[in-house]
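What follows is a pair of complexes built around subunit A, which joins subunit B in one and subunit C in the other.
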Partner chain A sequence: MIEIVQTPPLNSVQDLGRYGARHYGVGTSGAMDDVALSTGNLLLGNPAGAAGIEIQMFPFQVKFRSDVAMAITGADCRAELDGTLLPPWWSTNARAGQSLVLQAPATGARSYLTIAGGVDVPVVLGSRSTCLRIGYGGHRGRALEAGDRLVCGPDSQARQPQGGIGAEPPEAALAAAAADGAGDETVLRVVPAAEHDAFPAPSRCAFWQEAWTVSAQSNRMGFRLMGTPLHLDQPLEIRSSGIVPGIVQVPPSGQPIIQLRDANSAGGYPKIGVVIDADLWRLGQARPGAKLRFVSVTQQQAAEVQRETEAYLSQVAELARLCRREARR
Partner chain B sequence: MREPLSLDDIRGIATWARAAGLGEIELEQPGIRLRLVFPATGGLHLVRSPIAGRFLDRHPARPDPFARPGDRIGTRDVIGLIQVERLYRPVIAGRAGVLARLLVETGSSIAADTPLAEITTETEGRHGTRS
Partner chain C sequence: MGSSALLFQAPGALDLANQRRIWALARQVAGWPGIREAAPGMSNLLVIFEAQSCDPEALQARLLSIWSTVNDTPEAGRLVELPVIYGGELGDDLGLVADRAGMTPRETAQLHASTDYVVFAPGSSPGFGYLFGLDPRLFTPRKNEPVLRKQTGTIAIGGIQTSIGAAAGPSGWNAIGCLSEPLVPFDPHRDPPSVLYPGDRVRFRIEAIVA
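What follows is the complex of A and B.
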């Protein structure tokens, strides 16, 4: 069991999302950085989609009420276990009574605390994710508060090798980051969406060639971007249609919105593109003020990136499994 | 019947045990029990690689190395990483003291048991480490 000692608002229990109920209007929720949550889980021998804690506001402090193996992944929050600084992307054993303190990261936006056995909260429509916007799922349908106690799942007896094990961060392991532009620009791969061709050439040009700034009006629901406004020659009559995390909509203001994990399941604004699934984790680490650029890819290229990410995760899982087995001998 | 331990034997065992970095060793034979305790008088402790892989003196997500020569090191401190494909194992100091030097370049491939760093160990008196 772990106890939340200190937390600002908006930190929540998340897994990889709620699928299979979108046709009822239920959005997916789930970790903004799915690669970080999965990596933490796989280091511990959990299924990739076990529930963990998404921390997007700092400082955050928990106290372990029982001996557990745990991992810290995502943005480097300089986690300290009873005063000992842990490396980023690290898993280790914590004893009952020990405290873990996470500080605001210097780069990146979200850190993930995963626990052997997973965080055990009730499953709602197939997922343990919290939908903060509507208020269901996760721990009592809300963000975590000081004093909350979270129970770990049945495999919480698992232990990590002495000294712990870490994963190579995906920023270093995957080609995605290598494509990033100068400074703090994040280059995202985008497949053109249904209304892309309806935008006149200058707007399409601006979308693909200019840098977009993540505005302060950005959260788990979506990011509003700032840049050269994108306009249609004449308004489009389109019906509301299903949307997925990653969809880039253009409302009448001309400032695009990237819909993310807590987005509605449908929307009526024209869709100019969709950030590929395998790049959504990088949006999860973009903060207000960050600069984004979009490059066009085909569905086939998107599938290749997905395979690269899956290969990374399975390598982490396999090696971590070997390390844990060796440590038990 | 076995010969009793001679002074030369004991001297030999002491030399061997110290070289292996042992703090103390206990020997027992019928009628004799010998316990050798080595005062930590300060010396060099070699930190060896636990496994084969690629040595890193810093984590790729952090600008600073885990430890620089001259830094004070605790027994359980991580002083580097060994990367094997996508995974990192820690290189743990194993002895308290001051990092004298790293023996391999960051990024180099090393075999298991390769000496990675020298730590100048300190006298561990009753009142903690010498300052």
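What follows is the complex of A and C.
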């Protein structure tokens, strides 16, 4: 069991999302950085989609109430276990009574705490993810609060070898889309969407060629972007449809919105493109003020990037398995 | 629709016959291998697939070929009557909609409440859904900038559609009223979780009109 000692608002239990309840109008929720959550789980020998804690507000502190293997992945939050600094992207064993403290990261936005066996909150409509917007799933349908106690899943007996196991961070292992942009820009691969061609050439050029700034009005629901406004020649009457995380909608103001994990499940604004699933984790680590740049890809190219991501995760799982086996000899 | 979804948009008008075929298509597609979800929209269907196991081009071809054979079997929907306060603080766009229609706010409310609407698709938040049957005189474009709606149960018009707001939050729709009795739109632990489902019919009863 782990106990939350200190937490600002908006930190929550998340897995890889809720699928199969869209006929209710239920969106996906799930980890904003799905690669970081998966990596933490795979380091521990968990299924990639076990529930963990998404920390997006700091400082965050937990106390372990039992011995358990745990991992810290995502943004480097200078995690300290009883005062000992842990390397980023690292898993190790925590003993009952030890405290883990996470500080605000210098770069990146979200860190993930995963534990052997996963966080065992009730499954709601097929997922343990918290939907903060409406208030269901996760721990009592809400963000975590000091004093909350979370139970580890049944396989929590797994132990990491002495010294722990690390993973190569995905930002090093997974190639970003090539672009001519400055080094501090996050480059995202985007498949053009239904209304892309309805935008006149100047708006399409601005979308693909300019840098977009993530505004302060950005959260798990979506990011509002700032840049050259995009406009249709004349308004389109669009019939509402289901939407997916990563969709870039253009409301009449011309400032695009990227809908993310806790977004509405349907909408009717013109859709210019959709950030591919395999790049959503990069958005999950973008902070307000970050510069984004979009490059166009086909669904086939997106599938190739997806395969690279799966290969990275398989490698993490395999190396962790070998390390544990080696340690048992 | 990105790397793991397709949006199937049916040709033709937004009408009940077409929408019944969308519902039937959704049921069929949900059973195909490699499909994670199939969610009806307004004369369209969002299909989310497993990117590893499903070829989007083959899926697209299959959707297009099966559309012509899908039957418009009627849904066994319920009739749900909901009392509404038109206008007032929570329906502060009633005047705007009335002006566009060249009517008084009272006439506008009476026109809006004079038809039974059919729930066509799940809404942007769970609980109520998108309604079909809005009189063309009440069509009103969405706002340029979404405004914050502080509570659920708002009756609103967005373009050619009308709906009941199922969540607080920013919305570009024009609010013309609100439910007079608060309803929890969605509770995953309730059976059934949502107040309204596609195929249900909705009748708005005028509880009051606040000018």
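Keep in mind that, in the parts below, the second predicted complex is superposed on the first by the 323 of 329 C-alpha atoms of A that agree within 3 Å, B and C clash if a C-alpha of one lies under 4 Å from a C-alpha of the other, contacts with A are read in each partner's own complex, and residues count from 1 in each chain.
The criterion applied here is as follows: contacts are C-beta pairs under 8 Å (C-beta built on N, C-alpha and C of every residue); 3 or more make two chains touch, one makes a residue touch a chain.
Just so you know, these numbers come straight off a predicted model, no measurement behind them.
Asker: Check the residue A:R22 against both partner chains and state whether it touches subunit B (first), subunit C (second), both, or neither.
Answerer: The second partner, subunit C, only.
Asker: Based on the superposed arrangement, let me know which partner A:R133 touches: subunit B (first), subunit C (second), both, or neither?
Answerer: Second partner only, subunit C.
Asker: With both complexes overlaid on chain A, does A:I276 touch subunit B (first), subunit C (second), both or neither?
Answerer: Touch status of A:I276: second partner only.
Asker: In the superposed arrangement, which partner chain does A:L113 touch: subunit B (first), subunit C (second), both, or neither?
Answerer: After superposition on chain A, A:L113 lies in contact with neither partner.
Asker: Should A:G166 be classified as contacting the first partner (subunit B), the second (subunit C), both, or neither?
Answerer: First partner only, subunit B.
Asker: Using the superposition described at the top, determine whether subunit B or subunit C touches more residues of subunit A.
Answerer: For subunit A, the partner with the higher number of touched residues is C.
Asker: Considering only the touch criterion stated at the top, classify A:A71 as touching first (subunit B), second (subunit C), both, or neither.
Answerer: neither
Asker: After the superposition on A, what does A:A94 contact: first (subunit B), second (subunit C), both or neither?
Answerer: After superposing on A, A:A94 lies clear of both subunit B and subunit C.
Asker: Which positions of subunit A sit in both the subunit B and the subunit C interface?
Answerer: Dual-contact residues (subunit A): none.
Asker: Any idea which subunit C residues touch subunit A in the complex?
Answerer: Going by the criterion above, the answer is residues 1-5, 7, 9, 14, 26, 36-46, 48, 51-52, 56-57, 121-127, 129-130, 141-146, 158-161, 166-167, 169, 172, 186-189, 193-194, 198.
Asker: Looking at the complex, which residues from subunit B come into contact with subunit A?
Answerer: It is residues 59-62, 76, 78, 81, 83-90, 92 of subunit B that touch subunit A.
Asker: Contact residues on subunit A for subunit C in the complex?
Answerer: 19-26, 124-125, 133-134, 136-137, 191, 193-194, 221, 235, 237-244, 246-247, 251-253, 264-269, 271, 274-278, 299, 302-303, 305-307, 310
Asker: Sort out for me which residues of subunit A touch subunit B in the complex.
Answerer: 76, 84, 87-89, 161-169, 171-173, 312, 315-316, 319-320, 323
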